[in-house]
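So that you can tell them apart, the chains are marked A, B, C and D in the order they are listed, and the count of residues begins at 1 in each.
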């Protein structure tokens, strides 16, 4: 098993990254910080004659890095009750990749992957973060990705997450599960 | 009453715009097509000493245009079971505006607004679009915006929405409601 | 096409029944008022050696009546953000019927049925009723029942529903759909 | 702090009770097994002139026992993606108690209570059980009960829950939290 963490946060070493740190403790993982890259929003050419034009940004190389692994961890702060726009733009572009001849079998390959979600929010995330979990579940179902588990943490100010011992225990559970499947 | 439509779609004259056309039929509205503007993802400086630095993009002028109206219509295709990344980036930035001295009373003013949602998706949107509606509901609750109604349509290929007569009737209901409150 | 309406309400001619009246206007339907029957809660013998013992109540005859039709309308007031306990007890018993040799092929036959939901609640039902819709969607998915549509109305006191013109338009949409498929 | 567990399961010593056993380990609690009592579905007389008639069943004594405690644990198997009909009937009757002069201040008193949920289901409960969590959240919000946490377990056959180590860790987290607040 080989793991990639895809971070949607826009702040360095924030609460989401700390909680995710517990999830991947002792594991060898590749980490992609989406904020460090130029990812354009999708421009919907699904139904245009020539299909999608090439986009001059970093998206393709990130997908290549992601697809080398068989287990994905999506780690995102909860902004306005969903993933960050930064992560959403990355996932929106999957619609393009599904039609990109440079990525043949993209959907089929995703169907062999496993995924975890780590999400941290400030406003009752254990309840108000559930639509986000449902959205991820639908995304994974569409791609036949196996949804292996999630951890939700509560935090607003830097370091807050350290007080959410429940979240760290939930993260430890995911850590155990990841270790077992390695 | 004065209405602004905020479009999250990335394709011109797509299904979402057509369905929204029924919602605003016969009404005088301002229309903002987010895709025509440069909107940077939020960079989270909420907890930084100097606060948020200025961002050189079109976001601020769009908020100014939006805030002149008292009724907002958020019209978005459902990409991956949520609003488009383009629209999400716009809303994520509200966290910055809430702390921007150029927009004093931003949250308080939002608390006087009314909002509608129009969403169009291809994969069982009447059910799989509900987390998106819940998410909008949480956003509006946080800002004390009054959530007045929504219409969900089903469409994938260009023009598909014309076959969803139920969606157009739902749009007509919103149109009636908007006309009554004018 | 032949239609059965299953009412979960406990009050006669209440808001749910009035709204459902619009859904079935001009249609020939069988109506089952669950409140008029003795339906025991399920007693979980799924894993007991002898299986489920016979239950001396009206449940079986109601299932027989329901299964004669190919389109089901579940009409329920929203009590505490879900269907009434009366309706829940009826559906819970399906787990027994799936293992009842008197109902061979129960699940397979359900897989050929279509279903609609009409739900009326007093506390922001257009948003707070959505978990109920998701729950029905999961039930129908499990049984491979086709979920054709739903109407949500807002009402608390008797007759309140008459003021919810949007709900009646939504009901009219379902009425059209039912008529077309006849 | 004083704790009451309200069990909605219909089978003795089932998976839900086992998981709940971990939640209350080492704690002094009162346990109410709803299946052992006669609880009639609510008959909606909210708007009738004389109000609700008395009901000759065990409901009132159960509410009295529940209200002596300040922390409630609702433990239910997930039947058809929600609480059991047995538990739903119990909660539906709260609408009657809110108007019962024998229980003055019922809603106000509930507003001082804390609540936990333990739910066990067989079909992807970590995702398909989320509407149930949202429903409980709305119930608690309506009554101003503080929703302190939940644990979701996966199990179908007797004893299955023992294999869900994640659920037992989640239960242990709730156990810690309950002990701390004692």
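One rule holds for everything that comes next: a residue touches a chain if its C-beta (ideal position, glycine included) is under 8 Å from a C-beta of that chain, and two chains touch if they have at least 3 such contacts.
The structure displayed is predicted, hence computed values, not measured ones.
Shared contact partners of chain C and chain D: not a single chain qualifies.
Chain B and chain C have Cα centroids lying 34 Å from one another. Chain B and chain D, compared by their mean Cα positions, are separated by 38 Å.
Taking each chain's centre as the mean of its C-alpha atoms, chain A lies 24 Å from chain B. Under the contact definition stated at the top, the residues of chain A that touch 2 or more other chains are 130, 134.
All chain pairs in contact, by the document's touch criterion: A-B, A-D, B-C, C-D. Residues 9-11, 14, 35, 41-45, 47, 77, 79-86, 88-92, 94-95, 123, 128, 131-132, 134-135, 138-139, 142, 157-158 of chain C touch chain D in their complex. On the side of chain B, the complex with chain C involves touching residues 126-127, 130, 133-134, 137, 147, 149-150, 165-166, 169-170, 172-173, 176-177.
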